[in-house]
Amino acid sequence: MSKEQKDAVLTTSHLGIDFGGLTAVDEFNISIAPTEIKGLIGPNGAGKTTIFNMLTGVYRPSRGTITLNGKDTKNMSPVQVNHAGIARTFQNIRLFDKLTVEENVKIGLHENVKYGMFSGILRLPSYWKEEKRSHERALELLDIFGMADEADVRADSLPYGAQRRLEIVRALATDPKLLLLDEPAAGMNPSETEELMKNIRKIRDDFKIAVMLIEHDMNLVMGICENIVVVNFGKIIAEGTPEMIQNDARVIEAYLGGKKEED
Amino acid sequence: MEFIRKLKKHTKVSFLNYGIVIAFYFAVQIMAVTGHLSNSLKGQLIPIVSYVIVALALNLVVGISGELSLGHAGFMSVGAFSGVVVSMSVADSIPNPGLRLVIAILVGAALAGVAGVVIGIPVLRLNGDYLAIVTLAFGEIIKNVMNCLYVGVDGKGIHVSFKDTASLGMAADGKILINGPMGATGITKLSTFMAGTILLVIVLVIIQNLVNSRTGLAIMAIRDNRIAAEASGVPVTKHKLIAFVTSAAIAGAAGALYALNYSTIAPKKFDFNTSILILVFVVLGGIGNMTGTIIAAALLTMLPELLRKFADYRMLIYAIVLILVMIATNNEKIRSFIRGIGKSAKKEDGANE
Amino acid sequence: MLANLINGISLGSVYAIIALGYTMVYGIAKMLNFAHGDVIMVGGYISFCSITYLGWPPALAVLASVAVCTVLGIVIEGLAYKPLRNATSLAVLITAIGVSYFLQNAALLIWTSNTKVFPNIFANLPAIQMGGTQVAPVTVITVLANIVIMVALTLFTSRTKMGKAMRAVSEDKGAATLMGINVNRTISMTFAIGSGLAAIAGVLLCTAYPTLMPTTGAMPGIKAFTAAVFGGIGSIPGAMLGGVLLGVIEIFGKAYVSTQLSDAIVFAVLIIVLLVKPTGLLGHQVREKV
């Protein structure tokens, strides 16, 4: 194991998954440094979200290993993976629609709020103390995106861009070491995307965490990612800095060839 | 006024619900004193309270946890018969009827809660309609088993059989408590309206405080989006189970209260139709809406009595009203029409200000 | 043993015919039609009245039942379920329960709660000897009817235009609409077929167990629904398999374990099957996309 891998927050080796005999992802080897922003790009259907699903325990990999801070997370459930330190957002937004913005963030804080069911029912002092703490923490986190004013709004009545931002706040609330963002800028206009880029960097700097993001907006990817992994047909075809990726013949080929079979 | 405005919305709703229950209690007391309480209503007070409690319990599962249960009468049944057995077998050692009622309700709740765990652990992995059918099946199994249950008590203690009374092998001084399909007979009535109201307030405290705590929030998050809840580190089965078991235990307590209001009670009382009846209370009251559930359960329990003059037609009317209400509240066109009226009314209000 | 098996298959065949109605409606409209059991009861009463009061021959009475129930199915769907096409499944479920109450109480008003004794419409057919046991004609006819219906439905859904439309609607309502399929008409047709089958099931059930009350359909309805889930709801062969297995389990449970607990056994088996195979014996698993 190289030094780089030893220090990494997450490493995968020979990671792969088959669906009914069809190989969806194979030989996926990456390593993410503790405060790195990494891009995961590739044409539609390349297996990017499948990779996220494997990393977060939604799918069980058919082979290979996933190591998070020295711990093997390959056979963990999504809940265990989250507790181990990976948080994520979803390509198709998954908020708790009928809960308020603040309550959505409080779900992220769930593990962190320390009072039991009976303290809650009997309204013991620990309930009041911890509820106050989680309320303050939720507002603090919402403030990263300037959303503290909308704390009492129902999540499903937020505009699209704000819903994406709320998902990020909720993921952050779980206190992760690695944040996985699945198309965070989808559906945002250029000025919102610009704002988002700034905030992703700010999150990385303030929370000292690693970020890996799937994104089709190349301005965003090239603008903030320090390293980029390109996948096609479930395999890594290129890896390196934005400059290297932009000039890689295989990547250009994959994107031009991939256009025809967009889903 | 400033104080009230500062309260959170759910806190206001909670206090509104306590207020409704207490107001109902005092209204009944005033009617009783002034002689306006009819005998038929008086006889219905405890059933009303029991059904309100069990409907609140079901709303915890259907509205808060988002799972459909078609077998809640089964939990009532477990609570009812265990409550009866306990209250009657401790009759000699504990002469105080109030204390006996409390013990019966606690035991009924505990055993129904145990039934909830036994059923919930395997079943809560299923989702949607499959969970519904399995809860239905469990409700029917409980009814069926109760139909074959014979319990007696004598000097040596409690005897149980699934065959007949003879095989209980009781001493001469023994007393049959539960007699198969005939159910429990010769019950000493212990339930009072006041006890029922107190139980209802306690149940409201438990449910509302649970819902407005971190546990309740987690349960609702799982309802809204299970995958996102898991990804946020919220254990799913544990929270579904908390909602289900709490609900089962409360239904059991309601069952004990209900049964100890009658001198006889048969297992048939807690069949599929009763489960559905409770579900209707919840749906008509507004899924997840505790205030609505209280009002719907109380009114609909009284309704057959109020429709008495329509005699034979009353259930037919009930059915038609049920269908019409469901269509009126769920049809998209009708809903947007009503919303339109609401909006234009609001606009006019705004213009007047 | 053999007698029990034959009785079980016969009872199971009735469940299967009812379950077909449940499963087709569920497959297409994704709703639990709890009023389906009560359509059986209506079918039973129509036949009963045609034979006993009007003196019609049994064959004509059965046709009358089928006709009335088919129309009833279409009317129920049009009046009660159609306005709720995009509502939550719980709203539709409660409405179906309302329809069930309506049918039971309408029957109560028309035919009173007195038990009617259903005439044996196969009285002039001889009993059949099979391996030393006598098999009643109704038993044989029920099993045969089940097989005929099963084959006919399979051919219908795979060969005819309407049958293919039904399959398309059950797969994907939106896509079916885009393909020019009239979804409302297809759903209506499904209810018509399901209800017509319920009428046949009603006559067979009442001939085998000749007591008729407004609540006659309720329990067989729940059992048949269980059978549909057991076999994998939405699947036609699943309904058939589930129904027959359920009937056999029920009769064997009655014969060898306990008469009173037979229903509990049936439901316990259902639960075990669902825990092992959460979508029923022949149902297929749909994975949620993340």
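So that you can tell them apart, the chains are marked A, B and C in the order they are listed, and the count of residues begins at 1 in each.
Quick note on the criterion: a contact is a pair of C-beta atoms (placed from the backbone, for glycine too) under 8 Å apart; a residue touches a chain by one contact, two chains touch by 3 or more.
Keep in mind the model is a prediction, meaning the values are calculated, not measured.
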Arrangement of touching chains [line / ring / star / complete / other]: complete
Most heavily contacting chain pair (counted by C-beta pairs in contact): B-C
Whole-Å separation of chain centres (CA-atom averages), subunit B against subunit C: 32
Chain centre separation (subunit A, subunit C; CA means) in Å: 49
Distance between the centres, which are taken as Cα means, of subunit B and subunit A, whole angstrom: 42
For subunit A, residues contacting two or more additional chains: 58, 90
For subunit B, residues contacting two or more additional chains: 227
Touching two or more other chains - residue numbers and ranges from subunit C: 290
Touch list for subunit B against partner subunit C, complex: 62, 68, 122-123, 125-126, 128-130, 132-134, 136-138, 140-141, 144-145, 147-148, 162, 227, 272, 276, 279-280, 283, 287, 312-313, 315-316, 318-320, 322-323, 326-327, 329-332, 334
Contact footprint of subunit B on subunit C as seen in their complex: 26, 32, 80, 83-84, 86-91, 93-95, 97-99, 101-102, 104-106, 108-109, 222, 225-226, 229, 233, 258, 260-261, 263-264, 267-268, 270-271, 274-275, 278-279, 288, 290
Residues on subunit A engaged by subunit C in the complex (per definition of touch): 49, 53, 58, 90
Partner subunit A, residues of subunit B touching it in the complex: 205-206, 209-210, 213-218, 220-221, 223-225, 227-236, 242
Subunit B-facing residues of subunit A, complex: 56, 58, 77-79, 82-83, 87-88, 90, 94-99, 103-104, 106-108, 110-111, 113, 115, 117, 120-123, 127, 130-131, 134, 170-171, 173-174
